[in-house]
Amino acid sequence: MNDFYETTVRVRYAETDRMGVVYYANYLIWFEIGRVETFRQMGFSYKEMEERDDSYVVVAESRCRHHRPALYDDLILIRTRVAEARSRTLRFAYEIRRETTGELLATGETLHVICDSRNRPKVLPQKYRKYFPLTPPEEVPRRS
Amino acid sequence: MNDFYETTVRVRYAETDRMGVVYYANYLIWFEIGRVETFRQMGFSYKEMEERDDSYVVVAESRCRHHRPALYDDLILIRTRVAEARSRTLRFAYEIRRETTGELLATGETLHVICDSRNRPKVLPQKYRKYFPLTPPEEVPRRS
Amino acid sequence: MNDFYETTVRVRYAETDRMGVVYYANYLIWFEIGRVETFRQMGFSYKEMEERDDSYVVVAESRCRHHRPALYDDLILIRTRVAEARSRTLRFAYEIRRETTGELLATGETLHVICDSRNRPKVLPQKYRKYFPLTPPEEVPRRS
Amino acid sequence: MNDFYETTVRVRYAETDRMGVVYYANYLIWFEIGRVETFRQMGFSYKEMEERDDSYVVVAESRCRHHRPALYDDLILIRTRVAEARSRTLRFAYEIRRETTGELLATGETLHVICDSRNRPKVLPQKYRKYFPLTPPEEVPRRS
């Protein structure tokens, strides 16, 4: 549950802005890639989860803290971890690093609610439960 | 049929790249805005065309020629014209201008096929025909 | 200091995803629009702040909480408020509402560090200080 | 000069739209990735071309023809070819294919002018000439 899953992306020209760095909204796209590749490495396809099991991992909250800017053409390491799993919600934590140097560029977190295609909350289907063992109650962090 | 429909957008920081100008793919997004606002000014909603009449204006071709760069915070004038209307296809032409100076920044064209939600070509529904009178055959340009 | 500044945007087709709603990273782009239009309504241009005063409002943190999905072609009301002003940092809070119904779609916050063009932190130039009176120390919220 | 250079990308959720397919502007981003990876496979870095040799490959024209839609999570094969090289301009041609099936999804072309950082046209620096041998005049296609 504390393992990081890793994948890499190359910074696209389209992702930079006139400050010469990666525009901040793109980190959320990288978080999405981190989640999807985590699912693939765990052994299932998020696309099939949507299409076959009518289960969408809908974003309820996101946050990102920026430490150093990502630059054009950087190879970016996206590290994703399941931070909390409950019957109806999943929380992921992320680290974004420059792959060549290991420098930490950003950290972040997203909270998700499992929904059906009509956007109604539902319980994570049984077949996916093994990938997301429930977080013990005492480990669930308090949040204001 | 030769009238331009006009709308404006403000260049977003997110749309610039590290060259300090608007990244080229964003012009296609502006063309889309031009089409949708043209429809609204003609008197119908593209959203309803999709949702009520199962008719999607699917892009088959696009082209764009860049003359001068659009810059951050520029007010952009999008001018859209129906270039050709046939029973199953629509062609639009665009001009992108800096609103304050009138300078021509880009010109472009898109060709569209009317499709249903399953991506099958269909005839433009009768109720929309009045907005797009058929282009006389002798005016249809030859293309290689 | 507690006033909201308001601006509107229309949801673009490009901003939707295959779930049929606005993709979550786009809310950060709307926050950026909220900031820039707040500056314009206050009486200055962010572009000139960068170009004439070598002062960039660099994002250090962002967070967003999603309540209801924004949909294609919705008119979106972006409400922006200066949540905290210090000599070297600015914090903004946002509300995203469906303009026609007033429904709250999302809330968020961003923290910024004033930097020069070489990404070094600096004090907000004197000429902008009047727009951002310092938040009294007792009002600065504690954060873990 | 007629060889295709190949690279792959995975379709991101962010790249889909509410039609359930990849939004058309994203193909231009894939073309950009095709160019940059072509340069890398040829033996040089486009980033260094900009930063060390003050030479930008600025887009003057783009076109794209869509055959079949790219879908979420598809592995996309981007095939890039130098279609024409002149002293001050480069033209690239592209094929976008679904990697698993080989199906042709789109074809396109971009024309570029070599410019310095102040957007003034210049001759491609000598050191890059070997990667782009001049197209014989008789092979340069006529265009209206």
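Here the chain labels run A, B, C and D in written order, and each chain numbers its own residues starting at 1.
Note that in this section a residue touches a chain if its C-beta (ideal position, glycine included) is under 8 Å from a C-beta of that chain, and two chains touch if they have at least 3 such contacts.
In this text, all values refer to a predicted model and were calculated from it rather than measured experimentally.
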Most widely separated chain from chain B, with each centre as the mean of CA atoms: A
Selected pair, greater C-beta contact count between B-C and A-C: A-C
Homomeric contact chain A-chain B: same or different residue positions, threshold half: same
Chain A-chain B separation of Cα centroids, rounded to whole Å: 35
Between chain C and chain A, distance of the C-alpha-averaged centres to the nearest whole Å: 23
Separation of mean Cα positions, chain C and chain B [Å, integer]: 30
Contacts with two or more other chains, residues of chain B listed in rising order: 13-14, 19, 21, 25, 29, 32, 72
Residues of chain A defined as touching chain B within the complex: 13-14, 16-21, 23, 25, 72
Footprint of chain B on chain D - complex, ascending: 19, 21, 24-26, 28-29, 32, 56, 58-66, 69, 119
Residues of chain B defined as touching chain C within the complex: 10, 12-14, 29, 32-33, 36, 45-47, 72-73
